[in-house]
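For reference, the structure discussed in these notes is given below.
Per-chain residue numbering starts at 1, and chain names A, B, C and D are given in the order in which the chains are listed.
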Amino acid sequence: MLKVGIIGAGRIGKVHCESIMNYVKNATVKAVADPFLSDETIEWAKGLGINEFTKDYHDILNDKEIDAVLICSSTDTHSQISLEAIAAGKHIFCEKPIDHDVNKILEVKKALDENSNIKYQVGFNRRFDHNFAAAQKAVADGQIGDLDILKVCSRDPGAPPVEYVKVSGGIFLDMTIHDFDMVRFMSGAEVEEVFAYGAVRVDPAIGEAGDIDTAVISMKLSNGAIAVIDNSREASYGYDQRVEAFGRKGQVSISNDSESTAVISDATGVHGEKPLYFFLQRYMQAYVSEISEFIDCVVNDKPVKVGLDCGLQPVLIGIAAKKSLETGIPVKVADIAAEYGL
Amino acid sequence: MLKVGIIGAGRIGKVHCESIMNYVKNATVKAVADPFLSDETIEWAKGLGINEFTKDYHDILNDKEIDAVLICSSTDTHSQISLEAIAAGKHIFCEKPIDHDVNKILEVKKALDENSNIKYQVGFNRRFDHNFAAAQKAVADGQIGDLDILKVCSRDPGAPPVEYVKVSGGIFLDMTIHDFDMVRFMSGAEVEEVFAYGAVRVDPAIGEAGDIDTAVISMKLSNGAIAVIDNSREASYGYDQRVEAFGRKGQVSISNDSESTAVISDATGVHGEKPLYFFLQRYMQAYVSEISEFIDCVVNDKPVKVGLDCGLQPVLIGIAAKKSLETGIPVKVADIAAEYGL
Amino acid sequence: MLKVGIIGAGRIGKVHCESIMNYVKNATVKAVADPFLSDETIEWAKGLGINEFTKDYHDILNDKEIDAVLICSSTDTHSQISLEAIAAGKHIFCEKPIDHDVNKILEVKKALDENSNIKYQVGFNRRFDHNFAAAQKAVADGQIGDLDILKVCSRDPGAPPVEYVKVSGGIFLDMTIHDFDMVRFMSGAEVEEVFAYGAVRVDPAIGEAGDIDTAVISMKLSNGAIAVIDNSREASYGYDQRVEAFGRKGQVSISNDSESTAVISDATGVHGEKPLYFFLQRYMQAYVSEISEFIDCVVNDKPVKVGLDCGLQPVLIGIAAKKSLETGIPVKVADIAAEYGL
Amino acid sequence: MLKVGIIGAGRIGKVHCESIMNYVKNATVKAVADPFLSDETIEWAKGLGINEFTKDYHDILNDKEIDAVLICSSTDTHSQISLEAIAAGKHIFCEKPIDHDVNKILEVKKALDENSNIKYQVGFNRRFDHNFAAAQKAVADGQIGDLDILKVCSRDPGAPPVEYVKVSGGIFLDMTIHDFDMVRFMSGAEVEEVFAYGAVRVDPAIGEAGDIDTAVISMKLSNGAIAVIDNSREASYGYDQRVEAFGRKGQVSISNDSESTAVISDATGVHGEKPLYFFLQRYMQAYVSEISEFIDCVVNDKPVKVGLDCGLQPVLIGIAAKKSLETGIPVKVADIAAEYGL
C-alpha cells in the first residue's frame, strides 16, 4: 500500500485526496499538510480515514514512510516544494503550472535529471478526460489520417476576480496553458510558432489590469499541421470545452457533457441542457484517472506520461503567445526557449 | 455513523458495499454475510476497510450495533430475509424483486404495516439514473403538461442463459418489471389495464423454455394516458434504455449514455459510440444515489420514496401482462390484485 | 411529352400541378378541372403555363390527348372518378384514401383487374420522403437484420375542425391510415392483428363527435415482428413524424426535419428548432418524387409501386383498429377482409 | 413579367435558368447566350420553355425587351460584360467574383455610381442558405449579444484540378472568398486585419503550382470581435460548411445538411450520413432564393442586399490574406485598399 502525503488541502487537494481514498486500491493518504489547516479540513479528512495533519509540509517530506507527495499548494510554491521533495526522494504529482518562471521550472528539471528514479507528473487533468482521451486515441490510432487542422475551443463559465487576474500571469499562462497542452496532446507534435489576437470583451477591468479575456491563437506545428485555439473567460451557457481534429482520412470532434440527455420539445423549440458548469463537475472523472495513473507509475515503476516537459512546453508557448500579442507578429517558440538556454 | 450489514456479496452486493464505503459519509458497512464467502470476497472487503465476515446472515440480524441491512441475496430469499430483518428491527434495502409470489410480498407488507418505524426501500435503481430522473422531473414539474403518451424502450445487450430464463419468472417479471416501474415513476399514475404482444426472435431456446424474448406491452393508465413498452433481450448495439413522455404542452425524451461524445466523420459516414454496455456501467451513478437516499431516509427519518408498494405493483402488472400474453386479450391489473385479496 | 389532367384544384391538386410543371421533364398539365373553379385558380394555373380549364372533369376524361389523370377531388368522389377514368382508358394517380368504403375500393380493383394496362397509383406520399425512404432502404438492404420491433410515431401539429372530424371516417381511417401504410412499407410485411388503445386528450369535442384524438395501436406482422404506432392530433412542437426499426443486427431511426440546423446555446440551455410545421413543408420533396415516379411508370411502362392494394390494406387495418377500440380486444385483419369476401 | 437574359449557360447558368423558369413567378428567361452553345443546351432550354438562343451575348444586351441579365460566363469576362450591360441599361446579377483584379472591379463600381438606377447583385449564394441565414438572423437579432468570436469552417469534398488551381487566383480568392463574405455577413462588420497560416497537405502538385490547400486565417473585425476561418481543399467526408458565432449572451452554430436523418445503430457504433456532397446539392435552395431576391429587387425597386461592395471587400481581404501568407505577418485590409486609392 503506497503511502501518500498531500501538500495543500484547498479545493484541488481535497479532490485528489478523495480520489485516492475512495478509488485507488493500492494507495492511501497518510498525512495532509496545509498552512491554514482548519477544523473543518481535519473533520473532512478524518471522514476519509486520514489521521495525520500538519501545518508544515516539511513534516511530510521528513516522513520516511511516505513515498509520494501531491503538491496542491499555491502556484508560487510549486517549484520550491518540488525541489525539496526531490531532495527528500519523494515521487511527485505537481499541480499545473510548475511555475510561471521558466528558470524555476528548469531548476526542477535539473534536479529531476539528477534523480532519474523519481516520478514527476504534472496535473494536466484534461488529458485524462473521457472525451479528450477518446479524440486523442482516434488521432493516435490513425483514424483521421495525417492531421491537417486542429481546433481547440475553451471557454470558462465566468471570469475570475480581477485581483486574481492581476497575479495570474495572464490568460495565456493561466487559462490557455491547458489548451496549449491539449494541442500537444492531440497532435503528438510540438508548437513551432504562435500568432495571437486578443480582446477585452467580458470585463473592462480585465483590460485595465493589463490582460485580455478573449483570444484566438493560431499555431504552426512541427508535423506541418495548423492549430487554432479560441478562448473566452465567460460563456453564458457554461463551461465549453471542445476539440476538433481534421485530417486526410476524416475528422474527430467531441462535444460537451451535460447533467442528463433529457431533451424537451415544446412550442418554443427543442431544448437540451447546458454543459456541465465547471471543472469540478466536468473533469471529476479525469481527476480520478490522473491520480490513478500517477500511483500506477510509482507502484509499478512505469514511465510517467505527463512529465516535466509537458509542464514546461505550454509555458514556453504561453510566453510566445503573450509576446505575439504585444508585438503584433508571430513568435517562434524556439526563440523563447533560446532565451532560457534551451 | 450508521452501521450497515450487507446480506449477499454477489455482484450487486459488492456494488452497494463500495458505494457506502466510498461515497456515503454518514454510513459504514460493519459486516458482510454470504453463504459462499470466498477469500477473494474477504480480501475485497478488507480493501474497503470492512473487517467482519460471516456465512450466516443471522449474525448480522443479531448484531445490535447494525441498524440497517441490504438484502442482496438470491431472489428466492428476499421475502424470507425481509421478514426476519423486520422482526429484528432493522431498516431494510431490498433488491428487486421482493418476490415473484405476490402472497410472499404481502406477508412482508403485513409485517411492515405492523412495524411502521422500519424503513423499507426496494432496489429500483433506474429511478435514480440522471437521465430518467431528469425526464421524470420535467413531467412532474408540468413542463410537458398533462401526459398523453408514455413510451419506454428497454433492450438488453444480450440474453441471459436459458437456465436462468427457466427460473426467472418470465421476461415480464424479470426484465420488464423495471419498465413497469418506470411507467409508474414517469407518469405518477397507476397501470389499470395491460395488453401484451410477445415473440421469440433472439433465441429459439428461450421459446422452448416457455418464455419470449421480444415484447410490446401497451397499458391504460389511471390518469387517462396510454403507455407502451418495447423490450428485447438482445440489442446488437448494446444496452438501450430510453423513455419518451408526450403531453399537452410538449415532449421530453432521453437518449443513451456513451463512453465519450467523440464523433468521427469519414468517407463512410458520421460515427458515434455505442451506448454504455450494461447496467453496471450505465447505472453506476444510480446505484450510488439510491443507496445514499436510503441511508438519508434512515438517518434523518424521512419517508422512503421507493417503498414496498413500488415493489408490489410492478409484479401485479407483470402477472397481468403474462396473462394477457397467454389469453390474447387485455387484462385489468385490478383483477389480478383481487385474486390476492387486494 | 405526357399530357396530364388534374381533377380537383384544391391544396393538394395545386401541389401536384406545380410539381409536374416545374420538375417533371417528360410531362405537362394540359387541363385542370374543378367544380369551384375560381379566377384565382385560373390565374395561378396560367402562371404555370396551363391554359385549359373546366368545371366538369368529364371534359378531361373525354380529352383523347390526355393520357393520365390526377384525382385530387374530395374523398367521397375518388372511387367514382377512378371507375370513370379507368373506363376512359386513363392512367390514374389517386389521392388517398381511395374510399372509406371497402366495397367501393373493391369495385375499382375489379375494374383495374379488367384493364391491366392501366397504371393506378395511390397517393401515399410519405413513402417518397427522404427520411422514411432511407430508413426503409436500410431495412430492405438487411442492415438491421430480421425486423423484430417497428415503432411509428405520428403526431399532427393541430387537430382538424370538429366538423371535419365528423365526416373523416375516424382517426384510424383519416390519420393513422398513413401510419398503417408506413408499417407495411417499412416492414415489407402484412399486418395480421391489431389492438388499439384510444383516448380523448386534445379536445373533448372530438370525443363528443364519437372519435378519439390520441392512440396507441399495436400489431402482429406476418413476418413475426411486432409493430406499434402512437398518434396524437396535436403536438405543441409541430409535426412529429418518426420511425424506428429494430432488428437482429441493429436499429435504424429517423428524426424530424427542421427549417435549419441552427442551435443556440445560452444561459437557459441549448435550443434547436422545432420540426417543420406541416405536411406541405415536410413532404414537399416527397410530393415531387411520388408524381415523378407515377409519370415514369406511365411513360416507361413500369409497374406501379404503390398500387391499389396499398390503398386497400390500410383501410382494412384501420377498420380492424376501429373494431378493436370498440370491442376492447385484438382484431384479425383477415376477419375484416373476410367480411368483404377477401 | 420581367424578361431575363442568361449570359453563359454552363453549370451555374443552367441552375439559375431553371430557378427562374420553375420558381420565380414574375420573371421568365427570354434568351440564352453562350459562345459554345450546344444542341444539348438548346434542347435543355427548350424543355424549360425558352426559345431564343445566341452565341453572342451582345444580342441579349441589344434586346430592348430584356430588363435584366445574369452574367454566368467565365470569371475573366465578368467585369467587361458588367460594364457593357450597365451601358445597355440592364439590371445585373453577376456571379462571383466580379474580377480578381481590384481595378476592374472599381471600373464597374464607377459605372454603377454613374447609373444608380441599375440593380447589381453579386452571386454570394451562401448568404441565402437556410442554415447560414438562420445563424446570421440569430446574431443580427441580438440573440447571442455582442459578437466576440466568429468561426467559419469551410472544406471542399475534393481539390480542383491543378490546371484550375494555376489560374484560380489562389485559394484565398477562389475558395476562401466565400468565407470572407460569410465573416462580413455573419458579423455585420468589416475585416480590419488578416493573418494567415497555410500549408500543402492535400496534394503536393498544388504546392508546386504556387498555391496552398489548407489554411487557418484569423482576422480582427471592426466591431472588436475576432474571426477565424479554417479551410481545406479536401475533406474525406464531403462538403463541410459550418459557422459558429460566440457572443456575450450565447452562441449560435450550424451543422451540415445530409440526405436524410437516418441513423443506424449496430455492433460497430451509431452511424449517420455524411454531409451533402457538393454545392449543387447543399446550396440548391440558396440558389433559388438569391435569384428570387434579385428579381424581387428589380421588379419592386428594392435596394440590393449583396451589391458591388460585397463583391469588392472579400477580394481586398483575400489579397491581404495572400500577402500575410507571403510575408508571415498580419496585413491590414486598409493598406491593401489604399493601394487602389480606396
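Points worth noting:
Keep in mind that, in the parts below, a residue touches a chain if its C-beta (ideal position, glycine included) is under 8 Å from a C-beta of that chain, and two chains touch if they have at least 3 such contacts.
Computed from a predicted model, the values in this text were never measured in an experiment.
In terms of the stated touch criterion, the partners common to subunit B and subunit C are A, D, listed by label.
Using the mean of the Cα atoms as each chain's centre, the chain most removed from subunit A is C.
Mean C-alpha positions place subunit A and subunit D at a centre distance of 43 Å. Averaging Cα coordinates per chain places subunit A and subunit B 40 Å apart. Between subunit B and subunit D the centroid-to-centroid distance comes to 58 Å (mean Cα coordinates, whole Å). Taken residue by residue, subunit D touches two or more other chains at 235-237, 240, 249-251, 265-267, 273, whereas all remaining positions touch fewer.
By the touch criterion stated above, subunit D contacts subunit A in their complex at residues 145-146, 148-149, 151, 155, 195, 197-199, 201-202, 214-216, 218-220, 224-228, 230, 232, 234-237, 240, 246, 248-251, 328-330. Chain contact summary for the complex, subunit C toward subunit D: residues 21-23, 25, 47, 49, 130-131, 133-135, 138, 143-144, 249-257, 259-267, 273.
Residue ranges of subunit B in contact with subunit D, taken from their complex: 235-237, 240, 258, 265-274.
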